Amino acid sequence: MLRLENVTKRYGVGAFGGRTFTAVRDVSFEVAPGEVVSLIGESGSGKSTIGKMILRLTPISEGRITLDGADIRGFARGRRKEYYRRVQGVFQDPFSCYNPIFKADRVLWMIKEEYFPRVPRAEWDERVESALRAVRLDPGAVLGRYPHQLSGGQLQRLLVARALLLDIRYLVADEITSMLDASTRIDVLNLLADLKTRGLGVLFITHDLALGNYIAAKTVVLRRGEVVEMGDTEKVFADPRHPYARHLLASVPQLHARWDGEQEERYGGCPVHEDAAAPEADGRAGPGRLVEVEPGHLVACTGPEGGCRVALARGGPAAAAAGGR
Amino acid sequence: MTLRVTDLKVYYKTLRGEVKALDGVTFELGDAEILGLAGESGCGKSTLGKALIRMDGRMRLRGGGVELDGERLPIDDDAAMNRYRYHRISLIPQYSMSALNPTRRIGRMIRELVESRGVRYADVEEELLRRLKLVGLDPDVLSRYPIELSGGMKQRTVMVISTLLNPSLLIADEVTSALDVSTQKAVAKALAGFRDRGFVKSMIFVTHDISLTYQIADTIMVMYAGKLVEKASASAIVSKPRHPYTQALINSLPEVGVRYTDRRLSGIPGAPPSLLKPPAGCRFRDRCPKAFARCAAEEPPVTEVASGHFVACWKG
Amino acid sequence: MTTPDTEPSGAAGTAAAPGAVAPAPAAAAVPRGALAETLYFAVRNGKLLGGLAVFTLLLVAALAGPLLLSGDPNAYVGLAAQAPSAEHWFGTTHFGQDVFAQFVHGLRSTFYVGAVGGGIAAVIGMVVGFTAGYRGGLVDEILNALTNVVLVLPALAVLLVINAYLGVRSLTVQALFIGLTSWPWAARAIRAQTLSLRARDFTDLARLSGVSTWKIIVREIAPNMSSYLFMTFILLFGGAILIGASLDFIGLGPTQGISLGLMLNNAAQWNALHLGMWWWFVPPGAGITAIVGSLYVMNVGLDEVFNPKLRET
């Protein structure tokens, strides 16, 4: 289990870190083996920062992240490799993930050098081949090529193959399809779904709700570093409660339904007990409590304590603006 | 008829030969029509957008022509095109947001821009303020620097600037692809609003996102490997696509509001052909599930299978 | 490190590049292995070979020349102000010194000052630049402050003081001094490059592969700016030569021996230009230009060798 507990990230801004900026505030959720969790947010929501914290690429300011109960901060220095053997990442821009002056398969070779220096060459080649087949890449088409000679889809799959060479349990996939064409995007998504059936836990970070809906069993919606709504994907998408989640869902262009006329774009007030006036100054609600509105469906409530039962009994605001079909 | 493009061929000159990026495209754009131009990277959609307003140094016109409001456009004559640019045809480029000069206040930049096009700023100022208000921008954006505006605000500013002289044709090239979903919606709707108010006569909305173009376009034209594959009303493209490529593309798009418990969508295997030496016959045939002998031998012509529905496929 | 985009290779999904995603034709005859491949392209690069040839020629002259023309290059060996002849290949100075002997000896000290001074500056600049750029945070701010302090030090004033107190005037001390004062701009340039490369995903990916920090710097970041580093070294090398010449001019150079800078300044001091004694100032001037120029041309060639994107054009 990969678990985030009240994780907060602050950055120092200005000379000698005079001011701070909170990129992620008090975020808790977990990714179980064999489960895809999508982390949805717009730019500046802190979704990539969360991915980087999980991958130990940036330190955590407060709270903790645990891997099977062990704080990942414990995997420092000598134990770093031990962690990366189990948790790996794939990033947004496949072209930037490859050192342009070296051949693309160097990312695989790096794994051998660091983790399997004693594996004989022939056996390694076999492992590479089977990893490439697992991501449906033709070894002959990608090995020995430079990154600029390969397509974005091939590069992205090669990175997944790289992760498979290790005995990984969790994969952080940060916007991995946003630079791919529609016709290849779905193949990469299906690849993640395959990983799920192999027992891997995947954190799928995206701004595209349709992709999250396609692949993830659980959804976490972030806004300005805070979780506004989370739970089973079906429930969140069928009946989003937080006004921001509803607004997002209503904005997604769909294939068979055009946008409705004027959407109410209301941000203020507690989404759970609708009429409680708890206006958000500059859109920041402060530490919102997550309230369970139905089993497996949590919404950030900003209203006074105890007031939420009303809303729970009523079943919340009108059903999804996007209309679940 | 605002725009008539006839058998337009625009090739890119490279060291390895000419890349046939746009290879014989014919279509018409009616008055007050929004044409969504969709396709994947390398299909020629951006080349078409650029060819209509400014060819860059590597682009060569290799055939065909363009008529705007019944008048032939000298698209391969950079100097002669100046008369049309901004006044009659306007472009919002892909990275327009970063195209704003960071050291100039927005207002001063607009003044310099319109004056460089031979228009007195005082004549358009009132209209400028009115339109900024219309897209939800405060007049004080004029005294701000580009860095002080958000992505969506910059994009709306650019939209207002580029349509200030009520051009006949506006080309919007991937204007929303760098924006968040909620901003994307506001910008797309504002664009449609410009057409409704007559700020632009008609529009070509270039995007890789079919579901987005469906929201505002009247007709959608799908391109593949430098060719037109299908053009029809937006609803026909989305619900009754005839070309196998369009069908595959539509079927590969996941949607919200649909449950995919165990159902998988599938992509299109393979990759588009190289446009240095494109294969004879249909360019999609290698990836097409319906291809047969004739597809390799003969290139399928664009035919009108229903009123306003054009398809280039032997089985369409 | 520019990479002219000669053929838009279907990059970003949003960027509608013409020319599809067709894989570039594999260079069939190219041998496998990174080193072998680099060599393969290196020996076929005219700019690299040309630059190397000129540089080597001058280096050989500097190393071998003084051995053949042993004896004091400042000795008065002939008539004054003689034009080049069979006896004195580059003619003689205003005082009857042999210009060719001065030239080869001067070349040697010039190379020495350039290599030692430029080398020290390059090493310090790289250590400071890489560390500051890669580590960031407080380390970066401290190193940056140090860099700025050294950058604004009035180098000449410091040298005057050192010279007055130490009274040491050897070529080595001069090179050392140049090395210790001329690294700041290199450190800043390397820091900026490192910062931008560090932000690229491939360094993160290397970290995810468990690669250690110094290995990432040496094997991921440095190779990406190898031609940049080489360029930096060239400029430091050339800069050290020029600073050396200026120091010679104000009398703070080595009291013994000769350098190309000293020759130029002697020529200027004795109005060689007005007297039409071109053979006095042209060789040292041409020598400095040829050293720095050949290094520059080599740099352009190396850029093509190291950058696979430039190779294909």
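The first chain written gets the first letter, and so on, giving A, B and C; residue counts start at 1 in each chain.
Everything that follows uses one rule, which is that contacts are C-beta pairs under 8 Å (C-beta built on N, C-alpha and C of every residue); 3 or more make two chains touch, one makes a residue touch a chain.
Note that the structure is a prediction, hence the values are computed from the model and not measured.
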Inset, instruction - Taking each chain's centre as the mean of its C-alpha atoms, give the chain farthest from chain A. - result: C
Legend entry - Chain pair with the most C-beta contacts: A-B
Legend entry - Separation of chain A from chain B, taking each centre as the mean of its C-alpha atoms, in whole Å: 32
Inset, instruction - Using mean C-alpha positions as chain centres, tell me how far chain B is from chain C in Å, no decimals. - result: 50
Legend entry - Where chain A touches two or more other chains, by residue: 151, 181, 185
Inset, instruction - Any chance you could list the residues of chain B touching two or more other chains? - result: 40-41, 208, 271
Inset, instruction - Spell out, as numbers or ranges, the residues of chain C touching 2 or more other chains. - result: 10-14, 21
Legend entry - chain B - residues contacting chain A, complex: 40-41, 151, 180-182, 184-185, 188-189, 208-212, 214-215, 238-239, 248-250, 252-260, 264-268, 271
Legend entry - Footprint of chain B on chain A - complex, ascending: 42-43, 151, 181-187, 189-190, 193, 207-211, 213-215, 234, 237, 247-249, 251-259, 320, 322-325
Legend entry - Residue ranges of chain A in contact with chain C within the complex: 15-16, 55, 57, 80-81, 84, 88-89, 91-93, 95-103, 107, 110-111, 114-115, 141, 144-146, 148-152, 159, 178-181, 185
Inset, instruction - Over in the complex, which chain C residues touch chain A? Could you list them? - result: 3, 9-14, 21, 23-24, 26, 32, 34, 138, 141, 200-202, 204-211, 220, 223-224, 306-309
